[in-house]
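Order of writing sets the chain letters: A, B, C, D and E. Residues in each chain are counted from 1.
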Amino acid sequence: MLTFALTFGFTAMGLAMLLNIVRLVKGPDTVDRVTALDTLYINTIAVLMLVGIRIGSDIFFEAALLIAMMGFVGTVALAKHIRRGSIIE
Amino acid sequence: MIGELVVSLFILVGATFALIGSIGLVRLPDFYTRLHGPTKATTLGVGALLLASVIYFSALREGLSLHEALITLFLFMTAPVSAHLLVRAGLHHRVESRSRAPAEDHGHPDPEAPI
Amino acid sequence: MDFLVMEMLVATGVGAMAGAGVYLVLRARTYSVILGLALLGYAANTFLFASGRLSVGLAPVISDDALAYPDPLPQALVLTAIVIGFAMIAFAVVLMLRAHADLGTDHVDGPGGAGR
Amino acid sequence: MTLLLIVLLPLVGALLPAWFIRWGRNQSALAAGVVTGTAFALLLSLSSSVFAGEVPRADWTWMSSIGLSLAFMADGLGYLFAFLILGIGLLVVLYARYYLSEKDPMGRFYAYLLLFMGAMLGVVLADNLIVLLVFWELTSLTSFLLIGYWKHLPEGRQGARMALVVTGGGGLAMLAGFILLGNIAGTYQLSEILQMGEVIQAHDLYAPMLVLVLIGAFTKSAQFPFHFWLPHAMAAPTPVSAYLHSATMVKAGVFLLARLFPALSGTELWFFLVTGAGAATLLFAAYVALTKHDLKGLLAYSTVSHLGMITVLFGIGTAAAAVVGIFHIMNHAAFKASLFMNAGIVDHETGTRDIRRLSGLWAAMPITGVLAIIAAAAMAGVPLFNGFLSKEMFFEQAWALEYQFVEGVPWLLPAIVTLAALFSVAYSIRLVWSVFFGPQAEDLPKPPHDPPFGMLLPVGILAALCIVVGIVPVLVAGPMLAVAATATIGIAPPEYSLTLWHGFNIPLLMTALAFVGGIVAYWKRWAIIGLHEGPLPFPEAKRIFDGTIDRLAAFSHGTTAALENGSLQRYLALLVGAAVVAMGWPFLTGSWSAGPGPGTPLDGMSLVVWAILVGAAVATAALHRRRILALVVVSVVGLMLALAFVHLSAPDLALTQLSVEVVTVVLLLLALHLLPKEGPSEDSIGRKARDVGLAVAAGCAVTAMAWVILTNPVDTISGFHLAESYPGGGGTNVVNVILVDFRGFDTFGEIIVLAIAGLGIYAMIDALGVPDRWKIGSPDDEVRYPLLLTVITRLLLPLALLVSMYLFLRGHNQPGGGFIAGLVTAVALILQYVASGIGWTTDRFVRDYHGAIALGVLAAGATGLGAWLFGYPFLTGWFDYFELPIIGEFELASAVLFDIGVYLTVVAGVLLMLVNMGKIRNASAAAPDAADGEG
Amino acid sequence: MSGRAEASTKSGFKLFPHPVLTVVLVIVWLLLVNSIHPRMIVLGLGFGIAIPLFTRRFWPDHPRICRVGVLVRFVPVFIWDVVIANLQVAWLIVNFRRELRPTWVVVPLDITDPYAITTLANVISLTPGTVSSELGPGRRTLLVHSMDVDDPQALVDRIKRRYEAPLKEIFEC
């Protein structure tokens, strides 16, 4: 059961990440791409969780937490740059 | 056994939602609607997966393990803000929108930002 | 020998990053060069990391129930390398800005560099 | 020890005359004399042992790995040469005191002279090929200084240049030869090499080695075709000519022939090369000498010719011939040096050296005349003078020849020799007769008269030697010749008789012919001279030389210009190309190949990640001109890399990679704001194709390399770290323990690098003119500081700090640590700057990042020093466990303190970089929102 | 927001600059270390006190939560809405035939407290097909983009009734 769920999860997440990349490549606007990147970050967290469950260790927790933080910061910085040019003002 | 079932269930749900969110990101017509994908489906999707992890480690492994909840909290705090900023950027960039304009104008969408 | 293994992915991945890095480093504009530096840095780090060989699903953390450990030494080296690489890139970025401000162009060969 | 002193004394003592000159010329000369004299005395102190057949040695092993040792030995040959160098050196010092005029900087002259002396001594006393070579080149350099001593004379400078180029170039060839020789013999120690003559001559590389070494010797000894530099070196002050170009330096070449005689001589090749060159030089130079009108020019060519004679003797290769060679070296040194000084006197007193103007000086300067006649007679080989003896023996050897140049004409060499002797008689007569006899010259620049005694004394001594050796050779020259010859040929020399009268024999006949012909030649000289000044002139060596030099210079200019057009792009391309070739070669040659490999199995997720990573990397290259987009794609690469690290069980790396990734993105965004958002499309198709080619090649090479490494078995030293981490480092996260404990020193160095980078950036930006105080944007400026962002970031800050604390504290035992914690903190604070602006944040936060950096580095350093206090090496880790109420057992490790240092430095460094870059914009944007239109 | 929700229940002692924050931090810490060993509690308290002191100046006006009860009632409603919202959006995405009617609506704001506004904006973004897009001048209006609306006014009313009202009670008194 669990194994099946995991397989499904991995497939789905892999697909999701590829879709993000599609949007990231297609654009058409930079904001679209940034959105795609943001989503990619979030999906990565999901993947980490799945991996953690599969190998039965929560050693990836910090990584996931950091991805959440860093993804946010990155998105904020990019958005601010698009909106304002300078991000620290 | 029950635990495993629940975990699997959450995994399925979470993965599905995350996937749907990403599908939306690709499929939806314009930027502003696309934005809904990540901000919702993904957050819940990931939320469900995190919950799965919590249950897994708490039930099937030794001891209570809640710290994935932190990530959820984190996402719930940040995802809307990211979306917010992105929309602002989009508006500022005059990214074409298929959406109906607001009923009465309150200075939206943001004209040349008055600074 | 079987080529569909993790090793091949890592090798090709490093190769791809290195190749892209080289191409970018050879561009005429400082910004591209710095992107290239970043990619080359990734490639180098991964390469160095790979010198400890690959191991999946382990952690270099001593514990009683761990069966095996990955090679920690390359990891330590790469960790340092990443930070140093960042310092280097930061410096290069500021250098680029300074050059742009002083020379009025971001061409690697300075004013008139575009000619060559 | 004495040996080393002998060599070092002149080299070090060279300072004295240059220093003493402030008290006067005499003092300077005296200093030089004392130095030389002391060295001479030291040498003489060795003579008893040398004549007893011993070989004093001095040996300091220097780089035994390459067989390099500072070794000296004074065997007979070395002793003889050292004797000549110091003895004649002493005379030259005295002579030069009177020769040099008031205007000449005498201190410098003596300094150069002593330097040269030391170098020369090094050459003749060296017991190691390399040492010999070093001093050899040193003689070339010092002689350059001496020849160019009169800076105001252009020909002086040119002559010096020519001499340096020719002899120096020869020296290089010789270096190659010596290295070959060293490899053949398996040692650079001369005394050992001399023992293994047949081994060397049997070796395949004998021929090339011999040629190279001979080039060195011939250039130095001005043998044909390298003879041309010597006449041009005559622009030097006469003492120099007397010293370098008759007695010592030009003898270095023949010395080398003598030195390596046992090892190299005796083969047919040796005979043809050496004797051939010698014979050609001998005849040609003697002939030219006759046609020279310049006293010193004449002497120069005669020197060349006599060197040719010595070369011939060594070339013949028999022990007996070698003995004669040595003997003539001594004799030639004596009479040629005195002749040069003599010419110097004439020049000095009359103001000219042109034989056509000089005439009938006898009346004015009889003493000089007498000395000149003696020396010239010796040169011509008149009986009762030393020259006669060596020349007779020379004829003897030339007649009794084992090889022949042309089959069936055994008389060829004797003929050449006789002809050369004929001309040497002729120019000797011209040297004396045309100058001192005949009608009084009227139009001399100065009224001639005999020089001061100090100038005559050296000439006199040498002339006296000529006579004494000529009459009673056995008494005077016998012993020294014996030891020298023994040393040269390695065995006891064969029977030879230093007597005046050998009875009527072929050599005597040859001598007679030479004299008769010589007188005739002198009588008919104007016919010969006219021939060469008219219809067929001698090839002008200088013009050819200069032409060659110019063509060389032009060529090198051309190549440089072709390679270096000042484009960094091109240089980089060349570098990359070279690197690729270097990387690819081992694969092509097959010296690197893939191993069996553990073959870690694949899973779908890895494939996806890999695909995204590769795609993103390539996309970055493709999209680099759309800069923001490229940045987004790069961060995708970084993210995927972090995932890969996680999957490949390197959590710490993943954490670091993630944080650094974001910080880099912020950094580049800051920079991007000040740069064009789009790169111009300027690359030609060709350039693109070239770079794509390079990139692909590099990528493939790297891939192959990684594949080889990954599939070959590993031999790691990490077993130690894994085993020692907990018991030795008190931590279970081995990576962190390695960073802060085992390899703490590296980490210490690294945070210093980070700190320096931060400060460097600060300095560079500071010069861009950043106002230290900038306007505080109002908190409710919705456009700049969107409310949501501001509020959320304020909520996040404490949480982020808490997380970083968490990562920091557990770092020692779980993934985390000072670096990562520092980066997280830095990011959290940067977020404040982004959300609320520099002004607002700086008002609420430490401003002094420099201080923080310093504090961090100090903390880390202090940990290390702490280890010192307890008597451990720098940065030795310490830890222990404590028991506290409630809290229970907890650990205290010095590593934690160290980590705090790392933490502080990272935080402050990153902030320093980013915040200051943020300031640029505020400084540069005069209009508050130049940015608003773009973006 | 859930963190602050739990926090508010224990808001007591006033000797800390931000007692709520302190509690939140202790809880978060315990979550992080994933244990309730006394050592960790002590450590967490240490940080809970130290960090607010350090970040004190970043909080010019700290949020005041007066009506805890309302908050307690609000949270489940919110979570329920999130789930519903996700289902709806998911359906909208996967249902290819349906034609979307994306709309911009302007929500006039009665609340002024920045924390309240922020919370509202976040809540809106996390719930049915809406993303809070832009604060109007003077923070009197909030521009919201909705994925699929037939009656904009109804949406506005729903937002004001269902979210703004309780938040006003919670934050402003």
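As a working rule, contacts are C-beta pairs under 8 Å (C-beta built on N, C-alpha and C of every residue); 3 or more make two chains touch, one makes a residue touch a chain.
Remember, it's a predicted structure, so these values are computed and weren't measured experimentally.
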| item | value |
| --- | --- |
| Graph separation of chain B and chain E (steps between touching chains) | 1 |
| Chain with minimal offset from the mean of all protein Cα atoms | C |
| Of all other chains, the one whose Cα centre sits farthest from chain B | D |
| Interface with the most contact pairs, given as the two chains involved | C-D |
| Averaged-CA centre spacing for the pair chain E and chain D, given as whole angstrom | 74 |
| Centre-to-centre distance between chain D and chain B (centres being mean Cα positions), rounded to whole Å | 68 |
| Inter-chain centre distance, chain A versus chain C - centres from mean C-alpha coordinates, in Å | 21 |
| Distance from chain E to chain C - Cα centre to Cα centre, in angstrom | 40 |
| Residues of chain D whose C-beta touches two or more other chains | 607, 631, 647, 651, 672, 783-784, 786, 788-789, 792, 795-796, 799, 803, 814-815, 917, 932, 935 |
| Multi-chain contact residues (two or more partners), chain B | 16, 21, 23, 35, 37, 43, 45, 65, 67, 70, 74, 77-81, 84-85, 88, 92 |
| Junction residues of chain E, two or more chains touched | 28, 32-34, 121-122, 132, 137 |
| Residues on chain E engaged by chain D in the complex (per definition of touch) | 4, 21, 24-25, 28-29, 32-33, 37-39, 42-43, 47, 51-52, 54-55, 57-60, 114-115, 117-118, 121-122, 132, 135, 137, 139 |
| Residue ranges of chain D in contact with chain C within the complex | 565-570, 572-573, 576, 594, 596-602, 606-607, 610, 613-614, 617-618, 620-621, 624-625, 627, 630-631, 634, 637-638, 641, 644-645, 647-653, 656-657, 660, 663-664, 667-668, 671-672, 674-676, 679-680, 682-683, 691-692, 694-696, 698-700, 702-707, 709-711, 714, 716-718, 721-722, 725-726, 732-735, 738-739, 743, 746-747, 750, 753-754, 757-758, 760-761, 764-765, 767-768, 813-815, 819, 906, 909, 913, 917, 920, 924 |
| For the chain E and chain B complex, residues of the former touching the latter | 1-3, 28, 31-35, 82-83, 85-86, 89-90, 92-94, 96, 100-106, 108, 121-122, 124-126, 129, 131-134, 136-137, 140-141, 143, 145, 147, 152-153 |
| Complex interface listing, chain A residues touching chain B | 1-2, 4-6, 8-9, 12-13, 15-17, 19-20, 22-23, 26, 29-32, 34-36, 38-39, 42-43, 45-46, 49-50, 52-53, 56, 58, 61, 64-65, 68-69, 72, 75-76, 79-80, 82-83 |
| Touching residues on chain D, where the partner in the complex is chain A | 603-605, 607-609, 611-612, 615-616, 619, 628-629, 631-633, 635-636, 639, 642-643, 646-647, 651, 654-655, 658-659, 661-662, 665-666, 669-670, 672-673, 777, 783-784, 789, 796, 800, 803, 807, 814-816, 820, 824, 827-828, 830-831, 833-835, 837-838, 914-915, 917-918, 921-922, 925, 930-932, 934-935 |
